[in-house]
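Naming follows writing order (A, B and C), and every chain is counted from residue 1.
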Amino acid sequence: MKEMICICCPMGCRLTVDDSDINNVKVSGNTCPRGEKYGKEEVVCPKRMVTSVVRVRGGNVAMLSVKTKEAIEKSKIFDALATLKGVVVDAPVNIGDTVVSDVLGTGVDFIATKNVAAK
Amino acid sequence: MSVKNLIIIGGGPAGLAAAKSAYDAGERDILILEREDKLGGILNQCIHNGFGLHTFKEELTGPEYAARYVDEVLKRGIEYKLGTTVLSIDKNRRVTCANEKDGLLVYDAKAIILACGCRERPRGAINIAGCRAAGIFSAGTAQKLINIDGYMPGKEVVILGSGDIGLIMARRMTFQGAKVKAVVELMPYSSGLNRNIVQCLKDFDIPLLFSHTVVEIKGKGRVSSVVIAEVDKNLNPIKGTEQEIKCDTLLLSVGLLPENELSKMADVKLSPVTGGAVVDDDMMTETDGIFACGNVLHVHDLVDFVSEESEWAGARAAAYIKGEKTGGECVGIEATDGVRYVVPQFAHREGEGTLKLKMRVGNVFRNVRLCVNCDGEDVYSKKCMIVTPGEMETITLNEKQTRALKNCKKAVVCLKAVEK
Amino acid sequence: MKKVLIIGAGVVGCSVARELSRYDVQITVVEKANDVACGTSKANSGVVHGGFDAKPHSYKAWFNVRGNEMFDKLSKELDFPFKRNGAYVLCFDESKWGDLKKLYDQGVENGVKGIKVVTGDEVRQREPYVSQEVKGALWCPSSGIVSPYEMTIAYAENAADNGVEFIFEKTVVSLKRNGSKMTAVFEDGDEIIADAIVNCAGLHSDELNNTVSDKKYNIVPRKGEYMLLDKTAGYLTSTTLFQLPTAMGKGILVVPSVHGNILLGPTAVDIEDKECKDTTYDGLAEAFDKARITMPSLTKKQVITQFTGLRAHADAGDFVVGWAGEEFPLYNLIGIESPGLTAAPALAVQAAEDVADYLALGFNDKFDPIRKGIPCFATMTEKERAEIIKKNPLYGRIVCRCEVVTEGEIVDSINRPVGAKDLDGVKRRTRAGMGRCQSGFCSERVMEIIARERGIDMTEVTKSGKGSEILVGRVE
């Protein structure tokens, strides 16, 4: 049994999710179907987008913002962030450029979210 | 002194969207004045995702969202000046600004769009007692230091205020190795989005304390701890509930204030509730030819709505310059019964089309109807399971409803209980 | 050349340094903080008192009235903001009429010019926001306002221009007699020998004297809490508004600052810790509530910051001015609490003359009394603004938007003699960060400028000296 707040709308329904049978997860406390879907996802495989920054060399700014191209498993957030440690990217950089590829074997890349021109 | 048709003050999301739509409405003599060295405004430091779902039907980070609008402005070849601070404007629309390269510049504009955003409420404004040590930052300043400059403002953090910037910064600092010990919220509810409470606090087991505040900041040189206490119904700290939390940093996320210092110079009438200008349905202030949009007008919850509002303002400013100004008298739109404010505050009786009203409520209400009432009759009514002060509500009146509003003596936006 | 050591770089130490630099003597000022005006001189009401409040024939009365008279010329010579805005002492109760009359008589006896008793309506005619409860007042046209830290900085810069050496972040812990000379012993074990020492150590001036003199003093730090209102509240009053004094001091003031803000305070509580600069919940509430007696329409909405100042209150109640003893050259300026800021210019002249007399000093014929402040962009005309940007493009870059402070001014504040070293130093010299956003927007830019101009890393930039580093590291 897990307790959680639904994030689909400002209602913030308090969900109770019965995950004793992972193939048949039961959600209660939701007001709408979106809550049920959310509750299931959160216990089966919660995923998050991860955003952070890395240093950039030779650019007109010091830092380059990055994101995971898709959401990755929540449990891998900190390991994923660790792959950015010490990474320095050379300017110019364009939005969408790969900064770290295939993060932790997830198949998801960290990509640039900012255009940085060379100095 | 030079002459410009349209001067847009601010190159953030509001200014960029206004410029784009003014151009598309046929205006070519546009100048954007931006004080930072980059277009995009505060979005450049909002590196998290969650922007653009309404505008682009996809989830973008702040810099990506900004880049889309910057591209639109560049594509149209709209003129802009960076590193340029507007020093004054007056009611005759004379704009004085300065930068390093051009020195002092003076323009006479046919129209001005105020798109200068908002600023964070500082510590002094909330009267927290204690020391004046280093280690006290507004959440936005901390965000800039980390995401733009690449420096860490602290290691052990307490955050006062659970607005979205505070929540986002709790996660951001956690990502960079800091320990966020608590988020303290004066009110019994958060003004931030549920999504941020879950994904920025709960995901990392960061406690969120409602009905609490910081009563004292301790430390010599650098902050060493803060004392928090529970507050009563009148928001006064309750003696005996104090607890001390060791930390080296206090982040403040205690509200945003529209930045209307320039508006005041031009005698633009401001609303004491929004802190922004009073505008009509053309987004024009009561000072002829001066328009306002985005967070300088009222603080928005989502940037998507800033863009939308600003595109409208840009189009209307372009029409005004062409002489297609909506004339005649206006009907006032009041906010009552739980609705704290509504923008625009006035609508012209003339003209056809739809009308968008934006508003915020003053408290958390469940099972209510959000109504637009004209001379005692609800011309619009929307059932809401919940409305919260943190979320801006938008009502779009169709042509018929708009006509009813334009023709009435008294228009009111209010909350009503749902009849059982 | 003879050598004089001045301990303390508050308004007293810096003014003594400047007046003494008129003479042919080697002068060093030592200060435990990293800047001038870091103690009482930075956190007070900024009032240039008329002089009716001090007991007749006291040092306070004498130096107050003399000091007050010097401000017009001095503020021009040293280019610091000063305004004779006049002051009212408000009487709320007809039964206290006698006290007001006593104050008037005292003022006349002290030589204060132009004072008179007026009715409540006369007060409200000039200051319409003053309470209807005010029955009458003492009017003192010679009362003024000054920026106390800018005045101190001006004195220090002029002193430095005239050859005075400043040493910061060095604490004197004791004094020793050394034949006909004096030795100052520092915390780190260093010593400085001087032909005379001038004790301007403010809250700690008693301790220094007591390490070497037979006559002992005791200073009690008297804490005062203030609230500062935004310039948008500036319309509330243009004159200084006192309430009838109490045993603990001049009561809560509502006073404009020279920059157009409004200041409420101070409270008056005797404490023990001479370093305690904390504000308290109760203290701030008291300052505000009592200020509302003067002006009932005050709201907290316009408050932009709060601060605490400590006054060096000597047990005896009067200033201690003069040689500590006949057999050793220690010149004391102890217990320089209110009206110390007003008195400082006159005290400095007195101290300088006494020291010069004692050491038989000749004049410094290179002495230049003129100091020019940092050109202030915010108060310039359009033409002046255009010209200064042309001369120095950094003046075209506005860093602090609330107070309209340019990069040019910030760079100047760091690089001039006795320049700013940290955020607070820049703030006191340029007002960057003093406005309604309280440095939310500009602190990060100012830090970059400090780091660049001083050749230090961003992580080394402090708010106000060692231990107040603003950043804890780099994002890696």
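What we mean here is this: a residue touches a chain if its C-beta (ideal position, glycine included) is under 8 Å from a C-beta of that chain, and two chains touch if they have at least 3 such contacts.
Keep in mind it's a predicted model, so treat the numbers as computed, not measured.
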Tell me, please, which two chains come out on top when C-beta pairs in contact are counted per chain pair. B-C
Which chain's C-alpha centroid is most distant from that of subunit C? A
Grab the C-alpha centre of each chain and report whichever is closest to the global C-alpha centre. B
Per the centroid of Cα atoms for each chain, what is the distance between subunit B and subunit C, given in Å? 39
Cα-centroid distance, subunit A relative to subunit C, in whole angstrom: 54
Counting only Cα atoms for the centres, state how far subunit A is from subunit B in Å. 26
Would you mind listing the residues of subunit A that make contact with two or more other chains? 53, 55, 63
Of all residues in subunit C, which are in touch with two or more distinct other chains? 475
For subunit B, give me the residues that contact two or more of the other chains. 146, 149-150, 176
Which part of subunit C faces subunit B closely enough to touch in the complex? 227-228, 275, 277-281, 283-284, 300, 303-307, 382, 385-386, 389-390, 393-398, 401-402, 404, 436-441, 443-444, 448, 458-459, 462-475
Write out the stretch or stretches of subunit B touching subunit C in their complex. 35, 83, 85, 87, 96, 98-104, 106, 119-120, 122-125, 127, 129-135, 138, 140-141, 144-146, 149-155, 176, 215-216, 218, 220-222, 237, 248, 261
Which residues of subunit B touch subunit A in their complex? 37-38, 44, 47-49, 59-64, 67, 146-150, 175-176, 193-195, 197-199, 202-203, 385-388, 390-391
Residue ranges of subunit A in contact with subunit C within the complex: 53, 55, 63, 85-86
For subunit C, which residues count as touching subunit A in their complex? 475-476
